[in-house]
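Next up: some structures, all given as structure tokens.
In what comes next, chain A is part of two complexes: it sits with chain B in the first one and with chain C in the second one.
This part shows the complex of A and B:
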């Protein structure tokens, strides 16, 4: 897992900047190809993939008149609220449990094997159970989002705490740091980069899980829009909802990145 | 099933060695681990037994085990548990193979040539933010309930880690090696197969392992919605029939298979890394 996480992080940190002249160019090329393929060349039928015009109309429709039971704003807000709530609760509990296991070997031995047993069950596999237990409402969504975000935050917090340099710990102890000072001023700051890596993975998992849960069954939300559009065979709306999901994911990730830089001003590169 | 037990056997000594190295008090840790399991399963069993929650909502671990054995003998939702699992695994392998076959060469090319990188990475980065499961409506639209839909979803989950890790693996290859092979007359294809791929191998393997994990998760999501066989379908049928035991049996099957896949790939990874060092 640690390796996976490291690889993932490297992936994000070093990927070339999206906004560059070359980037803009390839975006324009893709847009042009899209317009050509769905329009004049007629390579893809309108029932298979929307043209830019369909996409635009769907956007206008959902923003002004609403779709699948609400306007874009209500649907997006519904999903965003669930993700934020589930994510915050999961990070608090997950980082807490990770710290507990990292700090107390006894707690780790008690909890970790059980945790490792549950871990291979992907969050999406909890969706049917969540629906059986909590129905199609918000409670089921919050439950699966919580689970999705909980697991990576625990694992990465634990890895972060385990990876704290022993020398630093000894140095702090020699200088008379109390146990609470040790945790607050040494262990947590040192584990913070790993903790944030875990949170970033958690956030992605939250969105994937929410969309899946809303696709399986929901009354509101962006996943509900996707599902309704799919049932109505409305490719323009499908694409618009997908773009919304992507923007929401990117936006919340960016927000978390800002938070990360605030939380760790010493890591400014 | 044989691969599963083989994998479990092979990791057991490794895990034990790791534990012995890290924990001197093996007795204590064993007792505590068992206590952890006992709390989970005992608490679950007691809660199911106490009658506080109806059997329909929370069957005990014994009931779930009995359901698993039952599902392995009598067909539910079309076939037995192992046949459902087999059809899931078949789909999964196809999607994963496709992601590996397209993702690795693309990632290597992006790492090697700046021009390819500049052309592809912006589009790739934008697409990456779309959750794999969000492709589901298009998957249904394009492929109906056929095999293509789930494969598209598994592909979209497993593709990005393949590309990213191949990209970074290729970036780590020293430029002189690339230039030397080019000067000595290697064709583009040979560059890909004989220089870039071996050089990037450790990173590639790690990427495939991540991809395998995400792919398996995406498969579950796809099966909940679009297909008419497989473990995810079994679980959805269990849910519609309000049979929690069937749902939990499906979760167990998914968890065990996912775990086995991860163990297997870890084994391959350590084998290859050992080979690369020697």
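This part shows the complex of A and C:
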């Protein structure tokens, strides 16, 4: 366990070593089983689960000729843009509100009751209302993504601010820190690990919510591809779109992780 | 170096009938019970006493981080209302900022005061050398040993050059040798730049070597048992002219040490009963 963590953190030069040798091996085994089950062994029919060949053909089709109204690049870019936009806006507002509530008991008293009331509503439950308000276009999706990512950002930032070490705050105070210096030099850095925990949860929520929202109704995007492929009974395309979501989710999470390490150099080594 | 106003020697810190009760009024725990203590300007007062007798509480009140349930805490005749630039604290738990390097931790107070970067650099360089932290300027606290962290915490407080230095077991995490060096350094520093020091320690030897007066505290409730004058002995026996290890061998020193030890032992016995 400890060794796995160490192996994952190593590889400073160049790309980080994400996959260990054992991990790669088990991945290859799954691929092999897949090929066998859908091919020579014929355990799963092509209408239920695609063979590697179907998968490949769907990939070629959407990349070259397009599917559900656009090529892969168009569809992916459309979804990615919404997620990034929703995530950035949600993080900024969420971390901001979390800091405000953590720093000002008055603000917390004022806002927290409303927040606690809205918080249990699952993001997906907002989709119908969002469509009524904003239609099937991007605005509705951005709203739902924003809500989904906003909640964990607020909660974790607030928790982080509340958990600041009192003694360090006192130490900063007796050495002359003003209120704004306390916030900048103590509260924010101390809360940063929790803030990033919140951001990671937010990012996850963004992708979940986006795909669900696009499944309900969209003109473009990876969810639209999934929905269309389902209606066309095209398992190859369904699986291909799912893999795309997985790669996008992992990629954006990796980017956030890189940002996190940059933001907190003291947590290294 | 010494401004005219510091020539007067009125009390720098005064605790007047200070009590501290934790919890509510009925079932409260009396951490301090009517403590009276004055510390003169440029005096070095050491506080010794069993764990939990309220040493840290007393110091936090002088720092303005805690307030008495009853009684008054005065610094230069003014009621303490909060932390101020005239007082710096070395905390028992170091309380370094994990996200700042050694240099930035030491320079923090100066930065807060809006000192110029060149001045911050110059002052931090001086204390990095004094605390033997060369080569670790860019390290983060968790990369240092406990003793090194403690030296960073001490340097951080020295760097703001406060009138009043409040030190809570500042040498507790140091090895015996470094401890001796730090004790001598502190004496040296007080000579070059006299200031008022309140110094909490569990080491009786340290208290006898450093202090002008030793405050012996007892617990349940936290109170002052006795205040011992060491300064007159130090001056008459000329401890200041000898290196620390020789002072600790002098008969006058060991006598004083034994006296404080006995007092401490008695307070423990009386609280156990």
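We take it that the second predicted complex is superposed on the first by the 250 of 269 C-alpha atoms of A that agree within 3 Å, B and C clash if a C-alpha of one lies under 4 Å from a C-alpha of the other, contacts with A are read in each partner's own complex, and residues count from 1 in each chain.
Keep this in mind: a residue touches a chain if its C-beta (ideal position, glycine included) is under 8 Å from a C-beta of that chain, and two chains touch if they have at least 3 such contacts.
This one's a predicted model, so the numbers in the text were calculated from it and none came from an experiment.
Asker: Quick check on the superposition: with chain A as the shared anchor, is it clash or fit for chain B versus chain C?
Answerer: fit
Asker: If you stack the two complexes on chain A, which partner ends up touching A:35: first (chain B), second (chain C), both, or neither?
Answerer: Once the two structures are laid over each other on A, A:35 reaches no partner at all.
Asker: By the touch definition at the top of the document, which applies to A:113: first (chain B), second (chain C), both, or neither?
Answerer: Only chain B is touched by A:113; chain C is not.
Asker: Report for A:128: first if it touches chain B alone, second if chain C alone, otherwise both or neither.
Answerer: So A:128 only meets chain B here.
Asker: Which partner, once the models are overlaid, touches more of chain A's residues, chain C or chain B?
Answerer: When the residues of chain A touched by each partner are counted, B comes out ahead.
Asker: A:178 in the overlay: touching chain B, chain C, both, or neither? Say first, second, both or neither.
Answerer: Touch status of A:178: second partner only.
Asker: Examine A:100 and indicate which partner it touches, taking first as chain B and second as chain C; both and neither are also allowed.
Answerer: neither
Asker: With the two complexes superposed on chain A, say which partner A:256 touches: chain B (first), chain C (second), both, or neither.
Answerer: It touches nothing on chain B or chain C.
Asker: Just to confirm the value: shortest Cα separation between chain B and chain C in the superposed three-chain model, in whole Å.
Answerer: Between chain B and chain C, the shortest C-alpha distance works out to 11 Å.
Asker: Does any part of chain A touch chain B in one structure and chain C in the other, and if so which residues?
Answerer: In chain A, nothing is touched by chain B and also by chain C.
Asker: Contact residues on chain C for chain A in the complex?
Answerer: 60, 63-65, 82-83, 85, 87-89, 91, 93, 95-100, 108-109, 112-113, 140, 142-143, 153, 156-157, 160
Asker: Given the complex with chain B, which residues does chain A contribute to the contact?
Answerer: For this pair, the touching residues of chain A are 3-4, 7-8, 10-11, 14-16, 18, 20, 22-24, 26-27, 30, 47-49, 105-106, 109-114, 117-118, 120-129, 131-133, 204, 207-208, 211-212, 215-216, 226-227, 229-230, 233, 235, 238, 241-243, 245-247, 249-250, 253.
Asker: Show me the residue ranges of chain A that touch chain C in the complex, using the header's touch definition.
Answerer: Its residues touching chain C are 165, 167-168, 170-178, 181, 185-186, 189-190, 192, 264-266, 269.
Asker: In the complex of these two chains, what residues of chain B are touching chain A?
Answerer: Against chain A, chain B makes touches at 23, 28-29, 32-33, 35-37, 39-40, 57, 117-123, 125-127, 129-138, 140-142, 161, 164-165, 168, 203, 206-207, 209-210, 213, 216-218, 220-221, 224-225, 232, 235-236, 238-239, 242, 244, 247-248, 250-252, 254-256, 258-259, 262.
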